[in-house]
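See below for the structure under consideration.
Chain lettering (A, B, C and D) follows the sequence in which the chains are written, and residue indices restart at 1 in each chain.
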Amino acid sequence: MAGRLNAQALLAVAAVVLIAAAPLMAQWVKVLLTIALAKGLAVLGIMILLRAGQVSFGHAMFYAASAYAGAFVGRWTGGGELFVLIGAGLAVSLALGLAIGVFVVRYRYIFFAMLNLAFSMVLFSILEKFFHVTGGSDGMRIARPTVLGMELERAPFEYVMFYLTLGLVVGLAWGVRRYLASPLGQALAAVKSNETRLEYLGMSARHALLVGYVLSAGLAGLGGVLASITQGLATPEIAYWVRSGEFVFIAILGGAGTVAGAFAGAVVYEGVRSYAAAYFADIWQMVLGAVLLAIILFAPGGLVGLAERLTGRRLRGGSADPAVAADQARVGER
Amino acid sequence: MSRFSRILSVAAVGLAAAAPLALAPPALAQDAPEGAPEELVIGITAFLSGPASVFGEPAQAAADMLIEELNAAGGVAGVPLRALYVDEGAGGEHVLSEYRRLVQEEGVDAMFASISSGNCNQVAPLAEDLQMLNIMWDCGTQRIFEEADYRYVFRTQAHATPEMLATVLYLLRTKPDFQTIAVVNQDYAWGRDSWNIFLTALQALKPDVEVVAELFPAFGSPDYSAEISRLSALRPDVVLSTAWGGDLDTFVLQSAQRGLMDISTFVLPLAESSLERLGTDLPEGVIVGGRGDHYFLHPEKVGDADYDAFVAAFREQTGAFPIYPVFHVAQALSALEGAYLGAIEANGGAWPDREQVVDAMAGLTFAGLGREVMIREDNQGLEDQLVGTTVHDDAYDFAVLDNMMIFDAEDVTTPVGAESVSWLSTLGPEMLELEVDSFSHTGP
Amino acid sequence: MSQPLLETRDLQIQFGGVVAASGVNLDVIEGETLAIIGPNGAGKTTFLNLCTGYIKPSAGRVTFRGADITARSPRAITRLGIARAFQIPQLFAEHTVLENLLLAAAVRDRVWNPFRRLATLPARGEMLALLDLVGAGDLADQPVEVLPEGRRKLVDIAIALALKPRLLLLDEPTSGVASAEKFQIMDILANALARERVTAVFVEHDMEVVRRYASRVAVWNTGKITHSGPPDEVLSDPDVRRDVIGL
Amino acid sequence: MTWQLAFLATLDGLAYAALVFMVAVGLTLIFGVLRILNVAHGSFYAIGAYLAASLGIAIAAGGLSPWLTFPALILAAVLVGTILGTLIERALLRYVYLKEDVLQLLVTFAVFMILEDVQRLVWGVNPYFEAVPLRLLGNISLGGIFYTNYQILVLPAVALLILVGLRLFLRTTLAGKLITAVTEDREMATAIGVDTGRVYLITFVIGATLAALGGALASPTTSLVPGMGADMIVLSFAVVATAGLGQVEGAALAALLIGLGRSFAVYLMPELEVLVPYLVMALVLLVRPEGLFGVAQRRRI
């Protein structure tokens, strides 16, 4: 137990140090990594829902809603303050998560996925339609905000965004791990395996899922506002369903159900995507599709699963390999 | 000697010649100036996937041809040019991160970005931050130089305002008595912006016009049946659509088939890029714009050996006639070459640094494949505008343009420091009296 | 006179024309262990579903400790103190045996602090003791997925007991289990019920089990309670022997 | 809105609904049997359209009778359905039937991404269109407005034919009965010895063919562009969820609702046009969580 914990902690620390040092070596990766980590937060949100066996094909709506919230606050306050923008984005995504969550937690599986998709497409259409307010498909510029009152140049600002995002990622990864290990978090897996029994314990499966949903919306929102401030722009494109699909893709790539996988997946995905698009400009989608197929068919544990196989260590907590357990459960069901 | 005269020989020599070119300096090369790098690298963002790749792919093909030809002639002052491409179809985020990578990692000397106005909006401030010479080579948004001052960002073509205004003027000259108009534009920034500009200009010049329908079907919509039925019931005198690519094709196809084009005069400012694809489905009498003076049968250029050679070589290579993005990328390359040559001269024959090249861009006059373009003091290019009306000619299996007018850029471009929409609303009847160059279609 | 713990009055329900319950009146007295017997498909499980709110009766009323619970959800009814064990054990497939129990304890104790680990809840010791009590102490860290059916039944019952209910409803606690194991399970159950002072109702097919462990027997036939009384008396009734036991 | 305009809107809605139905019904059929929501369905639609256009162009180039373009539409659909459908089901899907829903969905998502690029590699990026069948049939004047016979008569007729044909197929033929049996109770069907592997394959091929047929029939009316599959898939998801998963007749009704909603929106509130499918879906699911005709699933305890 102690050995496993130490190995995990060591690996996590090594990864964080490596990422923290990366921009010092190559300038341009700083923004790429900031975006990757911000997306990782959204993927972490997806991952929470995956614990409950649910998949949202619409989480890009929170990512986008929060980005636009940041953009509007920035516009109203003439540039604005970084932490106010982030706070606004987070607040809006949590509120939207609650409003939509109350509705969608009544549904499961395909319906859950589809309803989320429908709501995200509604948001996408609104962002495109209400052109005079939202700038339509061109989106909204987000001017570089002040940081605690200081006006920063581009380079230092990018460092601030990078290390701030990294810090948030470390903190939230820890926090989400704790949440998942708590009764409330463990109830998510119970929603997946046996909702009826959960109700017969006296607990509402919908409430358990709603807590997870709002949390996941907040994480997606935080990712969205961080990424958009870093890019200086919010566009409707980030609410499109393909973007939501990308989050789910990354969750599976990293290893469904693992906190580390969300971020490992996001960083690797951005890297692969960036290089695939640069070097296979004609077929980058095909490359990504092939990678996804290979992972599902040959490495169902994702990157984390691969790492476990290579090191011969178990990196995740929990009782059993979720993929295997889920397979067994399905066989049982049929 | 113009570089276009060499393109045929390059095409003939083909790939076999291209390989050694990359290894040894070509015989034609003059000695490179002092301090010159081994090569000049540019990054070009263009749609290579998605619906807008109808623009990106021809532009890429043209850029490759032009660069190959330029290098065969010794490059820019003896330095060969190399292009790296970024796919705008992969999304704005990808464009930005690739932009950073090309600038910070690949060390490109200049960027051409971009086709999408949305991407231009994002890239312009980034280029300024990175102190990167950025040529906006194809995007149409009028906002960028009207909302901020840039040192490093230039536009080597016009923007939406002159394009729309020229169309309005053409419409008012050729069909002055129309009463009603309907618009069917794609539901995204371009569709909305271009209508806003068009309508402002139209209302300033013809206040009694009645707008009977404003329809913005979704981008990429496969079906306009309901829109066409509604327009057929409304019977507007004029139907405007600034749509492009597959959307324009579908709209024209369905409208033509259902007789709407017999009822209303269609005004399609971007249809120059669809002429060949639409074939004879595009009837006669449709008003078509060329986003600049771009048209493969440019009335002043046809007959020019270099021009004809390029059009023929392009058609040989891609199987299609060149369309406006091809001309736009040619303008951007020409501007870059001109800026470097000017900067070298200003630098006493030595290779210039970035700042010197940027200085040389200001006030530059250059020509791509069309008329000359001048970079104004606000970094905006002044590009003349060609508008015409379709006519069928048996020599072509698609509609070509007749009754063409080329509007002088000075007349139709928002003045320096003015904001397009407020400027347009001040226009008076004198605009209808402008002198324009008129041309008729003359067979091949 | 003490009020019955659970009362049902005139419960009626039908599924697609088939009457499953037509005027069921049954009282459960505090402290008893009531067995419900009846022919297959007579709707005995339906009775448990009606008492726990999983399905709603078309008419009639269920009262628990004087409160009408007819229209309430399984969740609310469970919180009032009625726990249930299932014919097909309903376990959390992705968790270990101990985690299954800890989840029940967390819900019971309303531990919603997101930073409190499930594995280290204060109730951990209590749950381990409960596992020992049901003879499954050695299984604590086993994933429930790998357990044989008899053990799964025990864990299912233990989850119900972990809620510290006033009333425990069991649906065929010995079905699907080898006969030797039946009495083992029932011994454990009886022992636990006695220690925790839990009133129990169980649906059962095995008459030997009923004879040995029930304090009272009710006979469910054609949607009604036809007989009720001490096991020896009811099981020797000729009608019951003919219609239910098949002798 | 006058009655005349309502009539026009209804006609437009019908033609659109017919196309959407063809794609959606294939999706719902596949879901009913395989329990997989097939994201690559949009790719079948697109590839069916492209192949039909290519065949049409080949017919014109070969100087053959233009009327041959009609059988070519069907040929394109059958080719795409059988070749691509068989390939994907046999080479990929059958390996993931036991995996989680999410993973199955993602496998089809991956196929969708791959096929998007395949389309671009094969057909390039320029819009295609091949409207010979549309022109051959000419126009009809209704309420003073010209409609194409193709859109107003052929498309709804084919959709109706498919609806009736599917009903008959599912109720009267052996293969159809097996498909229905697997849709309704998979365990039972397996228990009585139904070869589910074959049923899955047949269903997937039929579903893929229907999607490709939707694309092929749409091809004369629209220009074919990269990315056309992505929009269609979301739309047919909305239809299928509104109808209730696995509901054939429901898909017809939902397609009609969405088609009419969309065309009426063009007359009444054009701004809502793109939102209509999602609004219809959200409203229906709010009232009936399983969709219009869906059946609630309950765990046996």
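Throughout what follows, a residue touches a chain if its C-beta (ideal position, glycine included) is under 8 Å from a C-beta of that chain, and two chains touch if they have at least 3 such contacts.
On a predicted model such as this, the values are computed, not experimentally measured, just so you know.
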| item | value |
| --- | --- |
| Most distant chain from subunit D, judged by the mean position of its C-alpha atoms | C |
| Pair exhibiting more inter-chain C-beta contacts, A-B or B-D | B-D |
| Whole-Å gap between the CA centroids of subunit C and subunit D | 49 |
| Distance between the centres, which are taken as Cα means, of subunit B and subunit A, whole angstrom | 39 |
| Interchain centroid distance [CA atoms averaged], subunit B/subunit D, Å | 38 |
| Distance from the mean Cα position of subunit C to that of subunit B, given in whole angstrom | 77 |
| Residues of subunit B engaged with two or more neighbouring chains | 48-49, 187, 216, 218 |
| Residues of subunit D whose C-beta touches two or more other chains | 117, 120, 271, 274, 301 |
| Residues of subunit A touching at least two other chains | 125, 128-129, 196, 282, 284-285, 326 |
| Complex contact set, residues of subunit D against subunit B | 4-5, 8-9, 11-13, 15-16, 19, 117, 120, 124-127, 129, 131, 134-135, 139, 143-148, 151, 218, 221-228, 231-232, 262-263, 266-267, 270-271, 273-274 |
| Subunit D-facing residues of subunit A, complex | 50, 53, 55, 103, 106-107, 109-111, 113-115, 117-119, 121-122, 125-126, 128-129, 195-196, 241-242, 245, 248-249, 252, 256, 282-286, 288-290, 292-293, 296-297, 300, 323, 326-327, 330-331, 334 |
| Complex interface listing, subunit C residues touching subunit A | 52, 73-76, 78-79, 83-84, 90-96, 99, 102-104, 106-108, 111-119, 121, 143, 145, 159, 163 |
| Contact set on subunit A toward subunit C in their complex | 175, 178-179, 181-187, 189-190, 192-194, 196-204, 318-320, 322, 325-326, 328-329, 332 |
| Contact set on subunit A toward subunit B in their complex | 26-28, 31-32, 35, 125, 128-129, 131, 135-139, 141, 154, 227, 231-233, 235, 237-238, 270, 273-274, 277-278, 281-282, 284-285 |
